[in-house]
């Protein structure tokens, strides 16, 4: 059984086809990199997988379960989480609160209007644990808008990890980071347990290359090349796209 | 320690207000401020915490008034009337939510406006039910635990208790997991649904919650005036309560209360001294936007923090000078 | 049969009137995303200016233009001093425009008293036209013509001039417009002044039909909102057609569904918002 | 001390601020009340759509009090004006303000029926004599308030005679009515319809434009195939309707009859030829010829440069009645019940509207006139053309029988000739 299986996916925006008959097959525990230049349809693909955009045609299976018509908010309960390319966190809240929200999403406690969230120690402890995992425990009480961009990127990933997902979609986790920060993120990604499937997109090949076993190259909404790292790098089409023919 | 003292002093002065206020008139004004404050707090749940601006909340407020008045007129007791009014308000809030949550932003403003205007039109036209613009007069205030509420002081205390309970519930709600989730949907609705929150349902419940407290305020209004007419459903009423929330400071707990005090005082008290009170109100709103665009309460906080930091730095300068 | 013909003509003339009311609102709302809740008050203020000019024995059409110019200045000042600093702050915009509406209404009461004041149509347009036994006021027919001319003029301004091209570019994508060197901030002042001027012109032109009185502002504002919702925000053809659609709904609704008289406008608005939030001609949902 | 303020945490500071705000205005409260002058509270509307009538009430009252040099029964008179803004909720607060804070001896006003109904239970509860111009029928009929008295007219009091005049004097047979869709308009139409139909007329259509209707063309289009139109409008709507009626060429084609406030002096002064020929019924016009009125009108013109109409004269008359009653109790206004009795037994031989007395329900009995709008000295005026003497709110019906029937409304009495 595969962690994520996509069959015959199509999507058009006002007549313009952004996803063209995409098929994808990701195994459990796999690290998959999807690359392609800007406008290749990578983020749209993510948005369709998480359900934020409905596809025109095609099927998405998550661990064998058809989730094509399942609403967005239910998919995270099935073990699917993602990060965003542009930071979409809660800027005025503390890091702790940000992570807590992520934990809260899977807890029935979220409907409770009665107790103060702050006094729920279980959530707090879990959140601290996650923050510790990404090395931000010392900043737990700092408002998010007073942290650096690199730290916010790590919070993004921490929010995804907090939900103990089966599969994580990472949308350009290295974008806009310094070399030092990239190293931190890389270490963080390496520390993710092996049974968790990771799908990552990036437009820059160099950064994420070493991370993945298998690479998919997208261009103009289509899967152009797919294969192991070496195969893809050597493939003429890849060179065509990336070396600007 | 000092904080506790202050809270106690404030509470004591509020509770003992009928004793030191002297004139019944001002006790009544205080009751009205509290009623409007509850209404403004209810609207604040949407405007401040959900990012949904409703320009039709008078519709919910008025439904509670009318349902209470109908049931009382039909000979039911106060208990049934209050329960019925809540049930009706919740029901209308649900319809309100189901229709309005299809849009956001300006669309939401307009849809809520349209719904309340339709309710207003029905209240005017459906004379058999509402007695048209002549309205419905109810004969008596309730007597909970056998306490007569005919005097302004007693009614004030009753309103104060309801108000304090509302404040308490709002404060708890604000910090509760649901409250935190609600503010999450305001800031990053897309993120929230990706995280696994049902954004629509959260907002829907927020509208019900807000509707319930609008109903509380509506019932208090009904009992205070012992009269209801289509004016309670008017656009002016919706606009006024929205202005209270915005001028006091959206999203804060005290902002709506201060806003309610401001509007009620200008409309009822200042208008006795200043003929051009409408202009005064307008000028105050414009001034708030210019000087404290975030509202009176957060604006004052900012002002004091600024003054404080200035004093501190001057103090430090003097100190370093001296040494 | 005659009733239907009369109602149809009524609907068309009312549509013309409503376009005069809503064109400015739609323009401001579309470009600046400001729900200008002072629009009704500006409309009323324009009509009152018309009263004063007419009392000074100014020609009717000159009074219309004067009033438009006066309102343009007032609108420009409001934009420069107040709205400028509130870009994107919807709540502050609501607060400040409502505050302004309160102030303007009270100033009008102070200056022009609470009396209802009718404006007289120009001599040549008084009286009635008769076709096939149906009587119709000449001035109302003139209003339709004026509305048409105004619509064409605005269309020309927006579609055929440099200013219009800049406005359209800013409506479509303010960020992009700014990048390409359009001075969006000055454009906003111009648009707001233009919108206010349209309100002023509309106020005077509708004076002979509606008269002017305290409360005119509050009666007109919901109409402007409805038209813009129905037609789609910022769409001039939308506002134009929306006005006539409302004209028809209003006239036929009042006659054939008298029990729905109060909701005859808000019901279609509600349906529209629920079923088609972007309006008849708008591109984006609100 | 100042430091204490800054050391407070923010929410707490807010709480303090809030309580300061709330209490600061409350401190303004108590100023000494000396019992010496007679205080008259005028509840009126000075802002919003009803302001035109409301301001005239203040003018009328002022003119009367000037004429007695602000002195009644040897005591100085103080007039305290409260602006309700046309809102029932504010009306209630203003009534409390006048009674509890200003300690007035009587209230004149409020203007609108819904305002009077909003303070109805309050005035009975505190027992404050209230002389209102609100026309709501039941306030002096099925649910009379012992502290309420009306010297102007109930809604139908002036429209009963109009029904008679239209059917008998003018022999109109087919009428359409158009009125504001509020109780005031509905009650006037009901009274007109009842008497008109009892004397052989038929009301074939009843039109009810909403109070805030933008314009009347859709309604005017429905006026076809009738002898006469009866309109019952309040405030400014009469002006708007009469203008549009003329605009569509109906002036002179179909006679236009109106209720009390439809062609009131307050709107006539802003109108032109389009109002000529409108016939209305009311208890007053500035053209009534006797000296008491000529004197009143000349003073109104002198001070305010206006012809008084419904609103101005009502406040004036109420002040007259109040004056007579205070004289009757010897200037002692403390006993409100006694003052109320005195008010109800007032008879004015010589008021601007003619002879006036009250029935047992506190409503006025007096002349009702039929007026026609004519031009005189460059002004439009309501010239009296017929007088119905000493009309009560029950017309010539038996009062007990009248009160056993439902109150006038949109659907009562039923219109049996609709569409015929």
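Every chain is named by a letter (A, B, C and D) in the order it is written, and numbering of its residues begins at 1.
The rule is simple: a contact is a pair of C-beta atoms (placed from the backbone, for glycine too) under 8 Å apart; a residue touches a chain by one contact, two chains touch by 3 or more.
Please read these numbers as outputs of a predicted model, since none were measured by experiment.
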Path length in the contact graph (chain C to chain D, fewest steps): 1
Centroid comparison with chain A (C-alpha atoms), farthest chain: D
Per-chain CA centroid nearest to the all-protein CA mean: B
More contacts between chains, A-B or B-D: B-D
Chain A-chain D separation of Cα centroids, rounded to whole Å: 72
Inter-centroid spacing, chain D versus chain B (mean Cα positions, whole Å): 34
Geometric centre distance via CA averages, chain C-chain A, whole Å: 49
Mean-CA-position distance for chain B and chain A (Å): 42
Where chain C touches two or more other chains, by residue: 106, 109, 218, 261-262
Multi-partner residues of chain A (each touching 2 or more other chains): none
Two or more partner chains touched - positions in chain D: 46-47, 181, 210
All chain pairs that touch each other: A-B, B-C, B-D, C-D
Residue numbers on chain C that touch chain B, as the complex places them: 29, 33, 35, 82, 85-86, 89-92, 94-96, 98-107, 109-110, 218, 222, 225, 229, 233, 259-263, 266-267, 269-270, 273-274, 277, 285-286
Residue ranges of chain A touching chain B (in the complex, touch as defined): 50, 52, 71-77, 81-82, 84, 88-92, 97, 100-102, 104-107, 109-118, 120, 159, 163
Footprint of chain A on chain B - complex, ascending: 172-173, 175-181, 183-184, 187-188, 190-199, 205, 209
Footprint of chain C on chain B - complex, ascending: 47, 53, 99, 102-107, 109-111, 113-115, 117-118, 120-122, 124-125, 235-236, 239, 242-243, 246-247, 250, 276, 278-279, 281-286, 288-290, 293
Chain B residues touching chain D - in the complex, by the definition given at the top: 2-3, 6-7, 10, 13-14, 17, 21-26, 28-30, 32-33, 121, 124-125, 127, 132-135, 137, 139, 150, 221, 225-227, 229, 231-232, 236, 252-254, 257-258, 261-262, 265, 267-269, 271-272, 275, 277-278, 297, 300-301, 304, 308, 311
